[in-house]
Structures are given as structure tokens and as C-alpha cells.
Amino acid sequence: PSAEAAPKKDFKVAWSIYVGWMPWGYAADTGIVKKWADKYGITIEVKQFNDYVESINQYTAGAFDAVTLTNMDALSIPAAGGVDTTAVIVGDYSNGNDAIILKGKDKLADIKGQTVNLVEFSVSHYLLARALESVKLAEKDVKVLNTSDADMASAYKTADVTAVVTWKPIVSTILESPDAKAVYDSSQIPGEIIDLLVANTEVVKDNPDFGKALAGIWYETMTELASKKEAKEHMAKASGTDVAGFDEQLKTTKLFSTPADALAFTSGADIKGKNELVAKFLFDKALLGKDAKSAEAIGIEFPDKSVFGDKANVKLRYDATFMQAAADGKL
Amino acid sequence: MTAIVFDKVWKEYGDHVVLERINLEIAPRSFVALVGPSGCGKTTFLRMLLGEEAATRGTILVDGKPLKVEPDADRGVVFQRYSVFPHLTVLQNVMIGREFETSRFLGKLFGAKRKQAEDEARTLLDAVGLNDHENKYPAALSGGMQQRLALAQALNRKPKILLLDEPFGALDPGIRADIHVLIRKIWNENDLTVVMVTHDLSEAFRLGTRVIAFERPRNRPEELERYGATLGSEAPGEIARPSGPQPGASITRDFEVWPKKIAAPVGGAASVPDTPSVAKAAE
Amino acid sequence: MTAIVFDKVWKEYGDHVVLERINLEIAPRSFVALVGPSGCGKTTFLRMLLGEEAATRGTILVDGKPLKVEPDADRGVVFQRYSVFPHLTVLQNVMIGREFETSRFLGKLFGAKRKQAEDEARTLLDAVGLNDHENKYPAALSGGMQQRLALAQALNRKPKILLLDEPFGALDPGIRADIHVLIRKIWNENDLTVVMVTHDLSEAFRLGTRVIAFERPRNRPEELERYGATLGSEAPGEIARPSGPQPGASITRDFEVWPKKIAAPVGGAASVPDTPSVAKAAE
Amino acid sequence: MRLLNIKPDRAWTVALAALPFFALIVAYMVGSGIRLAENPNDKLLPSFTAMAEAVKHYALEADPRSGLYLMWNDTLSSLSLLLTALAISTFIALVVGILIGLLPIAGATFGPVVAVASMVPPLALLPILFIIMGLGDGAKISLIVIGTTLKLVRDMALRVKDIPAELLIKAQTLGASTWQIALRVVLPQMLPRLIDSVRLEIGPAWLFLIAAEAIAADSGLGYRIFLVRRYLAMDVIIPYVIWITVLAFLMDLALRLLQRKAFPWFAGARTA
Amino acid sequence: MRLLNIKPDRAWTVALAALPFFALIVAYMVGSGIRLAENPNDKLLPSFTAMAEAVKHYALEADPRSGLYLMWNDTLSSLSLLLTALAISTFIALVVGILIGLLPIAGATFGPVVAVASMVPPLALLPILFIIMGLGDGAKISLIVIGTTLKLVRDMALRVKDIPAELLIKAQTLGASTWQIALRVVLPQMLPRLIDSVRLEIGPAWLFLIAAEAIAADSGLGYRIFLVRRYLAMDVIIPYVIWITVLAFLMDLALRLLQRKAFPWFAGARTA
């Protein structure tokens, strides 16, 4: 259908509040988005979502051309929903942002038998699964209770909540309680929880300018974040904290501030294995679609065109083209 | 020429026969008073004449033509309650008939036409003695005044037939007497055939040129012949709503009131004695 | 001994004087009929006697003692509407007075006591002619039957005073006549003083041993002296609710009905002629 | 004939009533067909077959992980919360409503605070509720109770005030005490009216239940909807929404039946 | 004297009304005091000073990032959505309600579908709404409209059916067409009753607005509450909740005033 599609001029990007995605809000507010859109003669609307899941659903349903999400959600929602999705920018990976917190206990193994509050089927769930593996436990050894992220902080205050898995800044809020101990975090599984900006494969294929503009916006913002004090202040404020709080979050986020860093990670050898772990987890939870027969039901393509899983059903692609162009200064 | 004819009219609701084989001719300019115990079908009879309900069998003719099957401007009506529009002032209530007639789309008149309609309405208000209250809402009027207003409103479209369903049933006896004078005046001064349902036999005989009684075959009170007797006197064993299937009501008595009253020629003076002294059974 | 005494009683609502300087002595076993135009304060008078409203000034004595300031079992009442409990059957409605009396906590009787209360209630239902309907709910009764029930219910606690606020105002004339017979029988057979408000002058004269008229100083209808005349006839210019500050109403006429009626000694036969022929002004 | 006088007969009434439902189904099928033609994996408007399969999976096959029939388990869990909460609010509304409506002192004291409190958006109180009640069923029940009780109390108080003053006077002239009046005159007259009020609160109660289950739960219809919303499983959400609608409708029907059977006097008294 | 006959006078009425509010404030202060004594950084029950400071910060100081006074900006944004939505539902309810109530044909056609649809929990429809309406104000307005209109329509239809049949007959005997009856008899009688119905929908409308703002918004009272809820900033949430309550109360008051002033005939007709 791309052949007869009229050239698209207007694009919509959805993002939600999370340390690794705050630059999008800053870029939109300060005109960086407009600058790059103008350069390519297109318009880009950047829309902030309060609700992360809703932003992904909107993208999956076709209301948005691009969205910020994690690699795991990219696989389980748009990709499993038949929407061929391309990771245009690999922004960071969680390096301690996600954590398991126990109340009054400081060993992960103490989690056995407890009720664990987390957002079911989210990266928290994945982190829990990986953590349990590391101490030779399985999910049946704990009881999972689905709890909304917005209420995690207040939930922790109640007596019957003793174990939670969540992400920053909620983690920071919870850790303010003296009895809260982080017993496991994503720095122990580096590179497995990856934060991406993905776009509809068809749209970027037909409109490479859109991809280029996105890369241009992202890396200019990265530069400003590193160099300008106001940039960090803006992002800190928008995420409801101050610079110190924001720095604390950045500390546990492995942000790829240059295209070269991002390229190195995306084209590296590790990424395939990490995605495979994620796919296995999703298959275990029946999140790869009803008809999925194995963790390989959905194909994931990497920059070197190698594919994990079903080559006939590639729905998630790591595409280094635009990061490469940024690294080469060809935007 | 006969104004209204009921020809073997039946009315049934499902299994429940309300009226049975009604045969009736009503002469033009008569004032028919309809009496009968509660639930015998007086209101149903009126609703058929109004066009609100269709007869199950038989035909109703008005001036030789079958009755229009829905209420229309040729038949005016006043009910015991809810006969005037609560959201309109007295003047607006009377005027609205003309507005419906003249302004098909908005149902509202402006400018000179409005002025004219207002003047017309004021004449009618004068006739019913409400000229001092034209800007009040009905809720601010007493029950008797509301019924006067309802009469003025009904007369505005100059109907040929005026139907009244216990129009004065909710009024105090004192107020009733006044309004009786008014309704007789209206009947005399307009080219009207009046059919009035009432519970009050003395009212029926005082106003009507003809009194018709409806009843179910059972419990027909024999006192009816005694002028002024109570109708269907409420015996201790009486039940409010008759239960079980029963035959429908039909006409059991049809009196011509004596001395014969006739309506004054339109515009002329009334020639009606104040109270009837003797009632003569028509059959 | 005087049953009820009003001593310079005033009733005001804020600025609005409703009743002005009411002086009145009501003898035991009298049947007082209270008449007067709408809004003159008849209901207010009754509510004071009931204890529902306190007098603004003056005192009300019953058997020499100041009136209890709230309604109680020594004064029974029947209103025009809403006088029986819709959720209770006829029998339960009559019985409930005894239940309130005997079962302080549950207000409900069981076993032998219940049986006894039921039998008592049945006797009363017999007296008002409702014995065949004891298991019906009030909504299934006609208006007249509901008022009979209300009377039976009120009599159950053997009140010394019975207050009636237009008890038959909503009934058809035919049905009224029957219930008039009943109320007279009740008055004769029980040790009762009756105070009845009515709009119907002929009812007042037919039933009352004494007729009292309340009126505001303005528009006192002079027709009142003419027996049977309409009261406060609704002139075309009449307004439903008097507007502007006005002096309160007070007693303008106080008739003793002639020939003098007296209540039969309790349990004896009535010695009351059916209709009064002459009315004599008491002052 | 005037349009307002045209009354469709029985057959037409049924046909006309079916029309919009039919139109909705057709519209859905067309929309779904178009989207599925573009992307066979589209999740937004699944085909009826896909929904039927999802229902089969959730309602007729035991979940391999827990061994439960998820849809029945969810229904049971939601209904027990909902009915418990409604029972509590109904009871509170009856007691407090009668107090406020019958006793001027109680009305003066609690009337204003209830009026103001009923304007508070209950959802915003959730965090506080969780702290006090914990994350279990207590908090969910409390949310529903808070969300529905105040309205019910106001309704009841108004209904009590609607009782003709004559009846209360009459009871007093029969010697009744305040307590006896409350117990034998007001309470029995309120019960059928309470059913009317409760019927109106079924909708809000579901709303609050779903909102509460979205926040912390491990079963329940609202929990399932919000869980599968994570991967846009409309093939589950749509049947669940329809199922909730059916349940709400059945509850309404049951209450209407109860009212008719348990209070035979009420139909007559209401029209009078 | 029986308890039910004791009527507090004016001064007592005011005092009694103030009592529960006073008790609530004291209870809060005690609770907050205890928690703050234990942990001065406790966020759950902030002191009044902390709340006052938060209000000052949000209402009286311009946000350095956007230059906006956040609380006013949130209020404006929420109110404009809410009022737009309520205006739309009111209009729809008036037109459709009159149609259903007045015309038997329309009643037969739309009555059942409206009755069933009004049982659907609107929150569950949100994802679909966002897709169809986009994420702008459209979806939020739609949610409120969907959540309130159906109830309003049913209410209106019932009210129209409550018009005594006598009045409609009378209008016909004055020669009115269906259209004239709708325009001059039914519509003007419905307007004040519509106000009553709309007043009841203010609460639900806020609920839906908050729910919608929780998902996609960049300003609005509900947005702010959900944003700061993540950090348990009760010092912001509590004043915001109070503020919403005040706004709802004022809207209710305004509608009551409007009803009284614009429809002088209504008070008399209602009691009659």
C-alpha cells in the first residue's frame, strides 16, 4: 500500500513521563522539535501521556506514528498486535531504575511466600522473574498482586504491603521510608530493559525524513541536557522533582548521550540474547499472542539483518540507520 | 340535521368491555350531562368523542361525517385538572390557540398579529372575569379561576363541540354556583354543543338540557328516578374497582330536562329558568 | 366544666397574622363546625388544637389544663387526605393504635394480645362498614372507604376530642350523604367532642351543633346569615392568596344550630332530626 | 394523523426496538472488517469469532496456571464486593437517611455535611482509603460505599421528608413515640423507595468497583479489563463490558421484581 | 416532647450544621499531628501550613517553566471541558429525551437501546474513545458526554411522559401540530426540569473528567491530582479535592438560582 500512499506530512509522537523520555517534553517545549520538523518540511506533534499503557495502545491502534516504550512492551503490544514496529532510537537502558523493595527485609530470598505488588506484565514483572531465577525461586513461590503504578507509593504505606517491584521516581519515594530496602534492581540485569522510541515501520520506510528528524531532535536535546543547566532543570520540574532528584534518576539510567554510544549498544552482540530472554518471559506469560507456539513466534530483526524467531513474521526491528546518520552528521 | 351520532359503539380494553352498544343522537346546541357511577366509562365516552380513543366497534358521526380519529380544533375540552399550561401566563394561555393556528412553524406571534391575538384573548378573559389577572401564572390562581381560564382558552378556537369532564368536580360548592352561571352564559352565547360529565346529579339537572346515565347491568341504583337522589350510593360493601369480567356499561336512563331549555340564539339573551322543577324520563 | 377554652389566642407566622384574638369555649360533647373562606386559618386553628402548632399568644385549655404542645392519643384526627397508612392493610391500620399503646419497643403485637387487638379492630371496622375489606391496602379502597377507615383508626384509641379537617371535601356528594350518617352515629355513640372544618355550609349546618365562621376583616360576605348561602363567593376579581399584610382572621359569626341537637348519651339512640330547619344566631 | 398520536403496535414495537441494536452490530462488523482487512492482527476491533474464542477461553476453559475458570472467578469476586458494598450503603442510607429526614435535630446536624460531602469526587480519596483500609477488599468496598452512600442518604432523607406530615401527625395522635414512628410508619414506607434509589446507584457502584480493581487486585471483572488493556486485548474487553452490562441489567431487574413482590401495597400508593 | 417534634431554632441550626465540619477538621488535625510527630516528613496527612504553602505555590506564584498560575490554569482547563461537555449532553438530552418521551415511535425505537446503553460502564469505553476522538479535548468531552447523556436522556423522557396527557390533548384541541406541541408545550416545561437533572449529573461529570484527565492531559485539576499522586503529595491533592468540591457546589448553586430566576412559574407548578 505504500506505493499509492499520499506522501505523509504530519506525524504524531506519543511519550510518557519517565526519566529516559523526559527529553521529548523539553524538545517540544523549547522548539527543538519544530526546528527539525521545519528542516524536513514536515510537522511533528509531540503529545505527553499521563498513562503509559494508553500511549502504547494509541500507537498500536494507529493513532500515533511513534511512541516511547520499553523493548518488552514493544514486543508484547504493537508487535504481538501485528503492527510492524521499528526502533528508531535506542535511548537508554535501565541500570537500577527498576527495583524490588522489601519492607523490613534486606535479602532477596526473603521474598519467598510474600505478596508482591507490581504492575502485572510490565517490566517490573520481568525484573521479578529474573530476580527469582537468580535465587532459584519461581513465580509460584510468591503471590503477585496487580497494583497501579500511580498508587504504588501510597500502597507501600499500608501494613499489608511488604514487597513491591516498581520504577523510579516511585522507587525513590518509597525508599524514603526507613524500613524500605531495595534488594534487587535492574543494574543486575543491565541492557535487558531498554527504553526506545519506536515508529511504525511502514511510516518510516515511506518517510525517512521523519526518522531523520526524530534522530536530529533527540541528539540535539541530548547535547543540551549535557551542556545546559536549564535543560536539566526543565526536565526535573516536568517529572515532578528537582535537579538533585532528577540526577539521582539519571544515575541509574544508562543514557546513550551520543549516537555513537547508542550504535555500539544496538549493534553489539549482547542485545540479541537480552531480547531472547524477554521474548521467553513474554511467551511464558502468553503475551505473544494467542496463537504463539513458542518464544520464537515473533521475529525480531537486528541491525545486522539477523533475526531472532520467525523470519516470516518479523514485527520488531532494531534499525540503526538514523542513529548512524546522526553519528555521521548526515542529518 | 344531527350534530353527533353514536351508532352501536362498543369500547373494550382487551377483555374488559367498558361500553356496550351505545346508540345515541345528540342534537346541535344541546347541553348533555353525563352521569353514572365511578368507573362506568364516562371519561372513556368523552375520550372517544374527543378522538383520543377509537371505538372498538361501531361508528361515531359528527355532522354526518365520521369523527376525526384525533383531537382537533373543532372540539374543545376542559378537564377536572391540568387544563391550562402552567408555564404560560393567563393571557398567553388564552392566546396560544390563535398562535397555533396562525404561526405554523414557531407557534408564536409577533408585532401586529400578536397585538390582535392579545386583544381577542382579552375579550375572552373579560367574559370569564379574569381580565385583572392576565400576567399571572396558573399556579397563582385559585381552582375556580383556573377552570374559568380553561374555558376561555377552549373557546378561543371557536369549537363546535365543547367537552367537559367533571370540570367543577374539585371546586367548593360556593364557587361552583358562580361558574355554573358562567358556563350557561357561554353555552347561550356561542354556537356550541356541550357534553359534560359530572358526578353531581343536581349539577346535571341544573345545567343540562338532557341527562344521560351510564351504568353496568349490575347495581343499577333504582333511586335515579327520584330527582336529586344520590347516584350509586356507596354501600358499605361497595368495592372501588370492580373485579372480575363484567359486561360493559351502557345507557340506562336518558332524560330530557323539563321545562325544556333551549339555547339562546347566538348573541341573544338566555331564556332558561334557573332551576328545573321536574324531570321527565325520555324513555 | 368546659371541655376546650381558647383564651385570647393569636397565631402569627413572622409578620403574617393568621388568627387574631380568638376567644372561644367549646362545651363537652359538642359538634363544632368551622367554616370560612380559603386561607382564613381554619386548618391553622385545628393544628393548634392538635398541638402541632403553638399559639403565638394566649392559652388553650383542655378540661382546664393547658393543652399538650404536641399531638397525642387524647385527640384523634382525620384529614382530607393522607389519613391512613398506605403500607398497612385495613385491619392493621385500625390495630396500630393499640400496638403503639401496648408494645412500646416494637410497636407490634403477637400471639394472644394480637388476637385481642384484631378483634377490637374488627368491631370498629364493623361499625364503619369495612369488615369485608380487612386485608386490602388503602390504595384499593375508594375515597369514601378510606375516610371511613381513617375514622375507625382514629376512634381506636378512644380520643376525647376528634378533629376533622375537611374530611369529606374530596368525596362525591352521594358518598358524602352516607358518611354524614356515619359520623353522626360515631358522635352519638362515643364520648366525643368533635371539631370539624368544612367548606360546605350545608354540611356544617347539617352536622354541627354549633357553626363558627372565621374571616378576615375585609370581604366578610354578608350572605352568611342566609342559611345555605355560599360562603365567600368567588367574585371574578377574587384572588386566591391574599397578598400584602392584612390583619388576621377572627371569629365573625357563631351560631347555635336550631333546633338544638344534643349528643345521645353514650350507647343510646340518636335524638337528632335529619336536617336543621332554622338556624339561630348565638350573638 | 399527528406523529405523536401514532402508536406502533406490538410487532412494530419489537421491530423498532431491535433496529438500533441491529444497526450497532452491523456498524461494528463493518468497522472491524475494514480494520482486519488492513491488519489481520488488529486488536482494536476484533471479529466476533475472535471474541467468541476469547470468551470460550476465559469462561469455559480452566486457566492452566491457576486451574480457575477466569471469567466466573472474576464475576464471583466482583459481585461479592459489589453486593457487600451495596448492602452496607443501603443499610447506612436507611438509618442515616431516616434520621436526617425525620428528626429536625439530626437534619440540622448532618444535612449540610452530607450535602457538601456528596460533592467530593470519591476517586480522589482513593490513596487515603488505601492507607486506612489496606489494599485488600476493604478499600474497594469502602470506595463503593463512599461513592454511593452519600447520594443514597440524601435520597432517603428527601423521601422521608416527602411523607405527608399528616401521616406523622396521625401516628402521634395514635400515641406513637418517635421510635415507634420510625419503626412502624417511616421504615416500612421507605423500603420500597430505597429500592428505587439503589437501582440508580448500580451504575456508579460498578464504576467505582472497576476503578478500585484497576488499582490493586488479583481478580475481578475490572481487574481483568485493566490488565488486558495492557496489550489492547479488545477481544476480551468487549465481552467483559457486555457481561458487566448484562449483570447490571439483571441486578436492576431483580430489584424491580423484589419491589413488586415484597411491597404489594407500593404500586397502588405510588400512583395515588 | 417527642424527639421528632423538637425543631432547633435558627442559631441552633447554624451551630449544629457547623458541628460535623468542626469535628472533621479537629480529627484531621489530631491525626496529622500524630503522624507528623512520628515522622516530620510524612506526606500522607500534611499540616494545614503545608497545604496552605502548596496552595500559595500553585495558585499565587507563576510556574517558572510555563509562566502560568497552575491552579487557575488547571481550573480553567477543567471547567471549560466540563461545561462544554455538560452543554452538549444537555442539548442532546433535551432533543432526544423529548423525542423519546413525546413520540411513541421514537420511544419504541430508542427507548430500549438507551436503557441498555446506560448500563454500560463508560470508563471501560475509554480506550476506544481515545482512538476515535484522538487525545485532545475531544475524547475527554466525549467521555463526559457519554457518561452523563444517557442518564439525562432517560430522565428527560420520563419527565416528558410525566406531563399530564390532558395538556397534550388540550394543545391538540387548540389545533397544535406535533412540532408546535414539542416547541411550545413540552420544551418550555422541560427546561426547568432539565436543570434538576443536570444538577444530579455534576458529580458524575467531574468523575469522568478526572478519569479522562488521568490518562491524557497536560493541565486540569484531575491531571494535577494524578500527576502528584505518584509522589503522594497530599498537600496538593487535599486542597485540589476541596477546590473541586467547592466548584461543584457553586455550579449546583448557580443552576438552582438559574432555575428560580428564569422559570418563575416553576416553583408554583411543582408544588401544585
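Per-chain numbering from 1; labels A, B, C, D and E assigned in written order.
Basically, a residue touches a chain if its C-beta (ideal position, glycine included) is under 8 Å from a C-beta of that chain, and two chains touch if they have at least 3 such contacts.
Bear in mind that the values here come from a model prediction, so they are computed numbers and not experimental data.
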Count of steps on the shortest touching-chain route from chain C to chain E? 1
Greatest Cα-centre separation from chain B belongs to chain A
Pair of chains joined by the greatest number of C-beta pairs in contact: D-E
Using C-alpha centres only, name the chain that sits farthest from chain C. A
Distance from chain E to chain A - Cα centre to Cα centre, in angstrom: 38
Could you give the separation in Å between the centres of chain D and chain E, each centre being the mean of its C-alpha atoms? 18
So, in whole Å, the Cα centroid of chain C is separated from that of chain D by 47
Could you check chain B for residues that touch two or more other chains and list them? 70, 140
Multi-partner residues in chain D (2 or more other chains touched) are 2, 5, 44, 127, 131, 172, 177, 229, 232
What parts of chain A, by residue number, touch at least two of the other chains? 57, 61, 150-151, 154, 157
Enumerate the contact residues on chain D facing chain E in the complex. 2-8, 12-13, 16-17, 19-21, 24, 44, 102-105, 108-113, 116, 118-125, 127-128, 131, 151, 168, 172, 177-178, 181, 202-204, 206-207, 210-211, 225, 229, 232, 234, 237, 240-241, 244-245, 248-249, 252
Complex interface listing, chain B residues touching chain D: 69-70
What residues of chain A sit close enough to touch chain D in their complex? 53, 56-57, 60-61, 76-77, 80-83, 117, 120-122, 143-148, 150-151, 154-155, 157-161, 287, 289-290
Seen from chain C, its contact residues with chain D in the complex are 50, 52, 70-73, 75-77, 79, 81-88, 96-97, 99-101, 104-108, 137-140, 150, 153-154, 156-157, 159
Chain D contacts chain C in the complex at 164, 166-167, 169-177, 179-180, 183-185, 188-189, 263-269, 271-272
